[in-house]
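One chain, subunit A, appears in both complexes that follow, with subunit B as partner in the first and subunit C in the second.
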Partner chain A sequence: MLVVRLALRNASRNVRRTALTALTVLLGTMLLVVGMSWVRGIFGQFQAEAARSTGHVRVTTQAWAEREQLQPLYENIPRTAPLVQRLERVEGVSAVHPRLQLGVLASKDGGELGDTLALVVGAPLAYHRDVLGLPERVAQGAWFDEDPQVAGKQALVGRALAREMALSPGDKAIFLGRTQDGSMSDVAFTVVGIVDTGNVLYDKQVYVDLERTRWMADIPEGALEVLVYGEDYQAAEELQAQVALALADPGLAAELALAPDARLIAQAWSQREPWASALKLVNAIVGIVIGCIVFITALGVLNTMLMSVLERTGEIGVLRAMGLGTAGVLALFVVEALVISTVGGAVGASLGSGLAIALQGVGVDLGGAASNLPDTMPVNRVLHPLWSPDLAVSAFLLGLVMAVVGSSTPALRATRIQPVQAMRARR
Partner chain B sequence: MALCTLEAVTKDYAMGEVRVPALQGVSVQIEAGEFTAFAGPSGSGKTTLLNLVGLLDVPTTGTVRMEGQDVKALSGHALGRLRARRIGFIFQSFNLIPVLTAFENVELALRLAGEHGPDNGDRVRKALVDVGLERFMDRRPSQMSGGQQQRVAIARALVKRPALVIADEPTANLDSKNGEAILEDMRRMNVEHGATFIFSTHDKMVIEHASRVVHIMDGKVLQDERRTPRPLPPRPPANGTPGDGTAA
Partner chain C sequence: MRHLLLLLVGLLLVLPGRALALTATELLDAVDANMTFDTRESTMTMTVTKAGRVKTYELHSYGRGATEGAVEFNAPARDKGTRMLKKGGELWMWLPNVEKTQKISGHMLRQGLMGSDFSYEDMLETASLKERYVATMGSEEVVNGRKCWRIDMTARSADVAYPKRVSWIDQEYKVPVREELYALSGMKLKVFTFSEVQDFDGRKFPTLFTAEDQLQAGSKTELRFTDLKFKVPLQEEIFSLRWLER
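Moving on, here comes the complex of A and B:
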């Protein structure tokens, strides 16, 4: 109690120095709030997109999962309807969509054949509508026709691809792909609309009805993937456990007409590469950056607290002479630093929160820079930080850590001041 | 039993390669109730000697006993506790804690002595009244004159009723009038409360107040004389002397 009172008084003693210490912690915590909200914004967006485009949990054959870059179309699930039905009954599942994506050579009707590589996303229109939210993204033209017969021959084309191929609504496009046994297969589509998804990856794809890619790949009732969605993509690994349980039914293989040696596997998005590695990497980088900020701020605290210790040598000697123990001297300086950083940290966390919330509303447009990113990254063109109260709280608590770390060295130094210093103290 | 005993004590300071022999075989016994001056010129070893008697430092060779106990056997922590409970300090530069008021400075000594009784407040107030500072209890050191600060220091040293009070040149930073007043306050504490005082000085006037004078020269005891101190004048009126609030 006594030490706390003394520490409080000491904190208000040299106003400029205390302000300097507080400012150091203020800047540190502010940087933490803004920085962490950016990390969360960018990678949160990144992860949400990854989970959205690849399913919170994805069911495929094991062989497909192992070699999907090579697109071994014959490693498909030959009949998906019974699987979808079963998975829809699994607890926590909100939607299930079979998907059949095909890499194709695309050309505008009348243009040269096979100009451009593109990915055709074949899925139920409900997937394009509910999961990808494409109806709101139609920039030119229209959404698929009401008549399934007509809709089946229509395609929505991503903005970037449309520009590359100079496609407009109403144009005809030819996609050249393969069937599951390797023969060439070409399909013509009418461009019904151009979609501006705001996402670099999605803007380079073509969206069509599942039946059309089934026909193209000659997998009449199947798909390569069955995507399962729950309420929260962060809880995908719990959902994966439920889905895996449903797949364990021994009768399922026959119902789905799987080959005798084929096995189904369920993977949460976060368990699949590159996300599993990326998540680890991001967490490591975030840890290092936070560590650096805490360390640099602690150095600032160390600097000012050390000045205080050196300046108060005689006084500490007097307290030691009067019987204040080592623990008391330690506490005297650590508590002083804590008091100062409580104020600095609270202000810093508040200012940082204000800044992050303001930036969250505005966002930063990557513009042209984003279009050069690799096709496989679902990066949004406009990035936003994502602030939440727990970020402010963690930054504030880390501010206290800075105070303890920064003041420990000066405080230890103060404990080495001997009681004889009291006699030599002059003012 | 003597309150405090020094037997053949030496103290060397290391100054780089050179050893400075500050005390060269000092033996002194301090009895309870004495009002002892260590007198000698600057550099003679007075402060070094007080450091040993006050348990702030340990001798290079020789033995220091406090109330019969050899202090060599005690840890730094135990020495700290002993100082906190049994020894009061008065310093040449007053050395009050600048961020605490007079009251709090005195209270601090009680708390560090491990006393947390409900009468602490009364004891602190009484100690400050005894040195004529009842009107200055809420002032910080920077708002007081040197004489007033040194009175707070006396109250701080005495509030815990220590066995021994150590004062290193307590009047050196005061003018002669304030110095005289401080000495009289100390003497009054000695007479009225029976507190044992050891102080150092090189001032003839101050020596006249002592009941025993140990003359120090070049780290040795030159002479140990017992004498009749100058009689105490009657207690001055409360609230200190006029002009006290400005000097320093």
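Moving on, here comes the complex of A and C:
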């Protein structure tokens, strides 16, 4: 108790130095809260979008998954209806949507075909509506017609692609794709609406009814992917295990008219590239960033605490002569640093939280730079940090860690001071 | 005296060879005489093999000189009615489902025609080899059982689809037996082989073309001429957009 009282007194002895230590911890803690809320916001958005657009769990043929970049349409699931029915019965599954995406050459009616590439996303309208939330994103025009016959010939076009092709609602767009055999496949759609999804990837795509892309690819009853959704995308790997069990039925291959050598696989979004690698990379980056902040802040604490030790050499000598042990000297400095860091950390975490919450409401618009991002990344045009109380608490606790780490070396140095040497130093 | 004799023997050995040997340019002239035409009408089957899947197309084509050509697909049913027209350096296509004529350009020209190993660009390039390439004579080699001359060609201009081309020319028929097509980097892009040479009023012409895209393993296309006529009168209308949209 005496040590605590002494530590508290020491903290108030040199106000300027104490303030400097507290400020170091304050900045470090604040930086941690803001930085971590940005990482959580940006990467969390990537994850959520990836899981949303490509399914919490995705079922494909193994051959297709292995060569997805080349889009081998012939590696499809020839009949998806029985698979969808089965997966809908799996525990924890809330929705199942077959999807058939096709890379096409696109042209406005009357234009040339050759240089405008587009991705046509063919899926049941329920996928476009419930999963992608496109009805709320229609910036011009309207949602699909209620008559399925009419809706089948309509397309929603992403804002960026519509701008590139100079398309407006009511225009006719021509797409030239391929069948699964490689034959040419031409189709015209009436642009029913332009969607502004706020996402770089989605704004470059075309959204149509699944039946139309089935016709284009000449896969009358099938699809390339069957997307499975559960309640929480973070629990996708548990759902994947359930889905994989459902796929293990030996009778399923015949029901789906799969080729004899074809095999279905289920992958959670976090198990697929680029997310599997990205998750590891982000975790590593987060670790390095936290480590750097902790190290720099601890260095600041170490610096000021070392000054304290040097200033109080004589005083420490007297205390040691009066019987204060090594543990007591150690505790004296660590507790002093903890006291200062508690104040600095609390203020830093509060200020950081305030800043993160303010930025969360406003966001940062990437503007034109967004169009230079890779087409494969579902990045939102406006990025937001994501703050939560646990971030502030974690940063505050890390502030205390910084204090302990930063003060440990000066404290150890103080324990090595001998009373006689200290008296001689007269300090 | 001995030197004079040696010189005579040398001349006897070298001169006949020099007199008989073709230059690369002369050889290209001979190949062009067989492979280019004023007019041509043909019926073909195109068999595309990709990843173990085989698809066969039937098509009818017309050609006039190096700059005009027209193709119509007659089978399979899904592709029936697809027509293409090459006019000058442009390619136009009738899309039967959309019922529109579209000009094809840019990226599309490098795509495989109906998923085959022949690109639209390959279709467009029917100008003579001599016009497109500078050739150097290579060695004599036996390719596919035929005695050939190898010639190495470099494109005269940057707009030629394949900057480097190596051809093995049949010494007897003066038609290519094999061609290897390279990118500027030296990467082998495609291999064409030509066989089943037939005589058409003195013109030698291979009636089976095969193409293998070197960037796609297991990909192969066979183009077989089932009916082929040269110097046929062709209606002017065939080489017009009206023919595409008829």
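Keep in mind that, in the parts below, the second predicted complex is superposed on the first by the 418 of 427 C-alpha atoms of A that agree within 3 Å, B and C clash if a C-alpha of one lies under 4 Å from a C-alpha of the other, contacts with A are read in each partner's own complex, and residues count from 1 in each chain.
The rule is short, and it goes like this: a contact is a pair of C-beta atoms (placed from the backbone, for glycine too) under 8 Å apart; a residue touches a chain by one contact, two chains touch by 3 or more.
Everything quoted here is computed from the prediction, not taken from an experiment.
> Should the pairing of subunit B and subunit C on subunit A count as a clash or a fit in the superposition?
fit
> First (subunit B), second (subunit C), both or neither: which does A:Gly323 touch?
A:Gly323: touches subunit B, not subunit C.
> Name the contact category of A:Thr80: first (subunit B only), second (subunit C only), both, or neither.
neither
> Would you check which partner chain A:Pro72 touches, where first means subunit B only, second means subunit C only, and both and neither mean what they say?
second
> With the two complexes superposed on chain A, say which partner A:Gly182 touches: subunit B (first), subunit C (second), both, or neither.
Second partner only, subunit C.
> Please state, to the nearest 10 degrees, the angle that the Cα centres of subunit B and subunit C subtend at the Cα centre of subunit A after superposition.
Once the two structures are overlaid, it is 140 degrees.
> Identify the partner contact of A:Arg13: answer first if only subunit B is touched, second if only subunit C is, both if each is, neither if none is.
first
> First (subunit B), second (subunit C), both or neither: which does A:Leu105 touch?
second
> Please indicate which partner A:Thr21 is in contact with in the superposed arrangement: first for subunit B, second for subunit C, both, or neither.
Neither partner.
> Quick check for you: in the superposed arrangement, does A:Leu2 touch first (subunit B), second (subunit C), both or neither?
first
> Considering only the touch criterion stated at the top, classify A:Glu315 as touching first (subunit B), second (subunit C), both, or neither.
First partner only.
> Quick check on the superposed model: minimum Cα to Cα separation from subunit B to subunit C, whole Å please.
Nearest C-alpha atoms of the two chains are 72 Å apart.
> Considering only the contact definition stated at the top, list the common interface residues of subunit A for subunit B and subunit C.
On subunit A, no residue contacts both subunit B in one structure and subunit C in the other.
> Hey, which residues of subunit C end up touching subunit A in the complex?
On the subunit C side, the touching residues are 48, 50-51, 53, 55, 57, 76, 78-79, 82, 93, 95-98, 100, 102-109, 112, 114-116.
> Flag every residue of subunit A that touches subunit C in the complex, lowest number first.
72, 74, 105, 107, 109, 112-115, 117, 174, 176, 178-179, 181-188, 218
> For the complex, which residues does subunit B have touching subunit A?
Counting only subunit B, the residues touching subunit A are 47, 50-51, 54, 56-57, 77, 80-81, 83-85, 89, 91, 93, 95, 97-100, 104, 108-109, 111-113, 168.
> Can you check the complex and tell me which residues of subunit A touch subunit B?
Of all residues in subunit A, those touching subunit B are 2, 5-6, 9-10, 12-13, 314-315, 318-326, 418-420, 422-423, 425-427.
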